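In the two complexes below, chain A is the common chain; its partner is chain B in one and chain C in the other.
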Partner chain A sequence: MAVARRSFDAVVVGAGGAGLRAALQLSEAGLSVAVLSKVFPTRSHTVAAQGGIGAALGNMGEDSWLWHMYDTVKGSDWLGDQDAIEFMVREAPKLVYELEHFGMPFDRNENGTVYQRPFGGHSQNFGERPVQRSCCAADRTGHAMLHTLYQRNVRARTQFFVEWMALDLLRDASGQVLGVTALEMETGEVMVLHARATLFATGGAGRIFSSTTNAYICTGDGLGMAARAGIPLEDMEFWQFHPTGVAGAGVLITEGVRGEGGYLLNKGGERFMERYAPNLKDLASRDVVSRAMATEIKEGRGAGPRGDYLLLKLDHLGPEVIEKRLPGIREIAKKFADIDPVKDPIPVVPTVHYMMGGIPTNYRGEVVVPAFSNGRSDPEAVVPGFYAAGECACASVHGANRLGTNSLTDLLVFGKAAAESIIKFLQENPGRKDLPKDAAERTEARLARLDGQTNGESVAEVGMEIRRTMQAHCGVFRFPDMLAKGVKKIREIADRASRTQVKDKSRVFNTARIEALELDNLIEAARASMVSAEARRESRGAHDRADHHSRDDSNWLKHTLWYKDGDRLEYKPVHMKPLTARTIEPKVRTY
Partner chain B sequence: MNMTNAEMNRLRWSCRRGLLENELVLERFLHAHAALLEGERLAAFKTLLGYGDDELWDLVSGRRECGDPALGEVVRLLRNC
Partner chain C sequence: MRFRIFRYDPDKDEKPAMRDYEVVLDPHDRMLLDALVRIKEQDDSLSLRRSCREGVCGSDAMNINGKNGLACITKLSDLKEPVELRPLPGLPVIRDLIVDMTQFFKQYHSIKPYLINADPPPEKERLQSPEERDELDGLYECILCACCSTSCPSFWWNPDKFVGPAGLLQAYRFIADSRDQATAERLDDLEDPYRLFRCHTIMNCVDACPKNLNPTRAIGKIKELMVKRSV
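The block that comes next holds the complex of A and B.
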């Protein structure tokens, strides 16, 4: 089959916050840029971000990047790379002001500066008291950010390939990345997009769990593509559970609610966070609050007929504050929990929200993998031509647990940094390497297998099995026997996933085929998560093991790397040395 | 309903949104009312799917009223999903 080809300087896969910020930088530098997205750019999942962008602007009282750095390192339970964290928190204010100049409609203080709201885990003076650091546009920060960046990209003449799904990463024999294969949904045709540099900004993979705040599109495609091309996935055992997903629906109730003064109650009406985090209480870091909630439920203090949720109380804020500062919340509670929060508390449970792990990168957005060359091994050799940013990447700034508002910061900072790295790489490597003749072979084989499969597995059933298994075996609390069984199960499911079949053989917008191709990515993300979680015998950040209650820095202060090939693990050191600041030494994490 | 397979598939894909809220409601809607989708109702549904996620959610959640009478019936159905 002859596959059509097109060539670009850069191909960006993903048009969420990270992809759009990167594409803008590239287009403004005069490069030819193709941005692929499964959905219209402004329907990317970034649109859902409500709470805000973390940056130490100091508009609401004293703040400093050092405090933001401290909070992020502590939030990460010391698994975050301190060079990348310093880079992010120092760049953050610049990127926020840049966005302001692009026309982002931030909320304002009376003196005209950007309004900042408080958010869990962010503090003044190294954990002393909460600080207001989150720059927001009402409860529509992500929406405003996407629209602002999309408009700028249109102006900069970025080329969008909307409703195109990237299928596989192209590498030559030396390992250099040369673009992707992609499916045009409208025609069902596959094309090779030949690129001098390729950036993945494909977002998260929350859909590997049954209870998640993530939209259906978050299927970890970048992870699947990278894994199939031999790139390891980093720290996939770390999944953040957001404390306040609406029970039964998954829909998120932003932390902003607690930032504005809402708090959690158990069935006895006790404000239980006072027991678990005496200083920051309901504003403690997400893993701490989620664990406290899971403990309350486990110990029989959950509310509701089955005792399986807790209550988020905000009626005391009054309808005016709720309407003005948290307008969307009321409608969500009414629609998905059938209550009006102006009068009654919202039933909530910890819900999978964010993937801390991903494609390993350095703070410049370059993808890095262990390699052996010239007689020495390098745990972080740059993969030429390959970049990643946003939730699909692991820089690693979030380590074992992300602080709220730090993802939007990550998208902006590392989206731009990756683009700057690409610009430099293209200047230093002016030519275009030829594509290998068999460039599209892997993709063609995948599609031929899927189209020709008989007596195969149902995509919906295998997908359901992945989600059930992850939820039951790899949740807020992790038990050794459950993890071991989970590994066995997920390997069996992976086997089934390789035999999926679709009955609909049509070409145009064949959603069944698209979902089968997404499943190939879901299964890699799930397998990486389960295998990595089973192996890590400590509790750190979002990873909480019943048989190893505490963090174990002497054995486990290291990043996990999972390889699809052989379904095996390696480890690499955490960067403890910041760029200029002093190392923030590990200590017990209390709030 | 006289939609082709391709049209129905396209419609299903348009129900992939950035907001889980919208996806849940649209899924319930397709489950309950797909058979109703023809003529003006289908046109109205397509118009609504063309809206941005927040705009759509504002209508579905009743945060904003729908100015266009042609969309009224489908908006009402969505609100009840």
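The block that comes next holds the complex of A and C.
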């Protein structure tokens, strides 16, 4: 099969917040850029973000990037890299102002500045009291941001490849990245996109769990492609359970509800977070609140006929505040829980929401992997030509637990930073390296296998098995025997995933084939998560183990690196040294 | 539950046909999209777009029992059986429930859907009062699902010339923004027998919008501004 080729300066895979922010920078620099997206850009999952963008603008009272940095490091349970965190929180205000200049419809204060609301784990003066730091557009911040960034890309005449799915990462013998193969969904054609620089902004893999706030498209495509090309995945054991997914439906209810003054109740009507986090209460960070909720349910204090959810009360905010600041939530509660939050509390449960791990990068958005050269080993050698930003990347600013609002901050800051690194790389490396002759081989083999497979299991069945296994073996509370069994199970499922069958053989918009190709990525994300979780014998942030109840800095203050090849694990040090600020030393984490 | 679904695969079908499905639902299946996912588990060849499953991404717009809507926020309990599903009307069908939206996005792009402001940006944010910001409510929330434009007879007849309700709603979103400086230019662009004035206030768009937005009102406001500036 002869595969068509096209060449670009840069290929951006994914058109959510990070991809669009990067694409804008690259287009405006006059480069030839191809932006690939499985869905029309404004349908990317950034659209579902609700609560806001974290940035210390100080519009509502005193704030400082040092406090934002402290909160983020503490939120990460000290697993975040402090240089990357300092970089992010210092860049954040500039990028929020810039987004405003692009036309983002932020909510406003009487004096015309951007309105900011309180959010979990964000505090004034190093943990003293809640601070209003989340810049928002009602409870539709992600939607407003994604559309604004898309609109700005329309203005910059960015070239989009809409409904194109990237299939595999291309590297040459030296390891340099030279683009991707991709499938045009409408025609079924495969193409090689030869690029001098490749940026992954492919989002998370929340669809490896059965109860998730994530969209159907969040299948970890970048992770699968990276893993198949020999790139390790970092800190994949750390999955955030958002405290407030609608019970049964999984749809997200923003933490902004609690930011605006809502709180959680158990079946007895008790505001139980006062017991778990006496200072910040319902605005403690997400891992803490989710664990408290799971404990309440486990100990029989859950609400509802089966005692399996808790109640999010916000009627006391009054219809005006709800209509003004939380209109989307009201809509969701009515549709997915049949209740009107103006009158009744919303039934909620901790629900998988965000992947703290991902493709290892530095704070410049360059992908970094351990390498051995000139007689010495470097835990973070740059992979030439390869960049990652947003949820698919691990910089690591979120460490073991992300603070609410920091995901949108991450998209903007590292989308732009990665693009700037690409521009610099292209200036310094003007030539174009040749593609290996067999560049499309892996992709062709995958497609040929799918076309020829008979008597295989259905993709839906195997996908369901992945989700069930992750949910049962790798949840809020983790147990050593369950994790060990989980590893065994997920390896068996991986085997099954390589023998799935697609009945639909059409070339035109074959979504069954797309789902099968996504399954190849889901299984890598799931394996990485389970294997990494089984190995980490401590509790830190979102990773809570029954047999090792506390954080163990002397043995585990380090990042996990998982390699697909043989499920091999390596570890690398956490960057404790910020760029200019003083190190925030690990201490006991209470809220 | 019973369904009749429009099926067409240009790769193998000579012409489209309606196919019947019967599916056993799980008690957790609440929305039409949940049922479609179940049907796809039985018959993997059924093609549709879907993503967020909560009504914000705009992927799964389709014609449901004769009315345009989003499958993910349409309750199964509200639907009469057999539920008849067709692709959005007025756009070319690529396959099954998937339509070619090129024309729709072309019209959206034609209204310059971005803020135009030639002043050098200030160091911090541009100021905007809460009242000025309120003007954008009911406009910026559009998810570009195309339920409105594909329910509009004027758009069916002239999809290449009439901007359509979705594009016009966005045109007004920028006109209404206190930070935008291109009102005159935007009005000039729309002052055309087709681009704006094909709207005959049939109001199908208002009825179809799954986000309860009102394109007809926005179009009315644009027309008002045109009248105002001509006197």
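Keep in mind that, in the parts below, the second predicted complex is superposed on the first by the 591 of 591 C-alpha atoms of A that agree within 3 Å, B and C clash if a C-alpha of one lies under 4 Å from a C-alpha of the other, contacts with A are read in each partner's own complex, and residues count from 1 in each chain.
Operating definition for what follows: a contact is a pair of C-beta atoms (placed from the backbone, for glycine too) under 8 Å apart; a residue touches a chain by one contact, two chains touch by 3 or more.
Being a predicted model, the structure only gives us computed values, none of them experimental.
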Chain B versus chain C on the shared chain A, clash or fit?
-> clash
Could you say whether A:Asn109 touches chain B, chain C, both of them, or neither, answering first, second, both or neither?
-> second
Based on the superposed arrangement, let me know which partner A:Ile217 touches: chain B (first), chain C (second), both, or neither?
-> both
Should A:Gln453 be classified as contacting the first partner (chain B), the second (chain C), both, or neither?
-> neither
Going by the touch definition up top, name the partner, chain B or chain C, that contacts more of chain A.
-> C
Report for A:Asn279: first if it touches chain B alone, second if chain C alone, otherwise both or neither.
-> neither
Partner chain in contact with A:Thr42 - chain B first, chain C second, else both or neither | both
Tell me which partner A:Thr295 touches in the superposition: chain B (first), chain C (second), both or neither.
-> neither
Which of the two partners, first being chain B and second being chain C, lies in contact with A:His101: first, second, both, or neither?
-> second
Between 74-82, 110-118 or 128-136, work out which stretch of chain C sticks into chain B after superposition.
-> 74-82
Intersection of chain A interface sets (partners chain B, chain C) = 39, 42-45, 47-48, 140, 143, 147, 215-217, 249, 251-252, 328, 331-332, 335-336, 504, 506, 508-512
Complex contact set, residues of chain A against chain B | 38-39, 42-48, 140, 143, 146-147, 163, 185, 213-217, 249-252, 327-328, 331-332, 334-336, 504, 506, 508-512, 514
Quick one: which bits of chain B touch chain A in the complex? Just the residue numbers, please.
-> 5-6, 9-10, 12-13, 16-21, 23-25, 52-54, 57, 60-63
For the chain A and chain C complex, residues of the former touching the latter | 39-40, 42-45, 47-48, 57, 96-98, 100-103, 105-114, 137, 140, 143-144, 147, 151-152, 154-155, 186, 215-217, 248-249, 251-252, 328, 331-332, 335-336, 458-460, 502-504, 506-512, 515
Of all residues in chain C, those that touch chain A in their complex | 9-12, 28, 30, 40-41, 44-45, 47-59, 73, 75, 94-96, 98, 101, 105, 109, 112-115, 117, 121, 123-130, 132-133, 136, 140-141, 143-144, 174, 177, 179-180
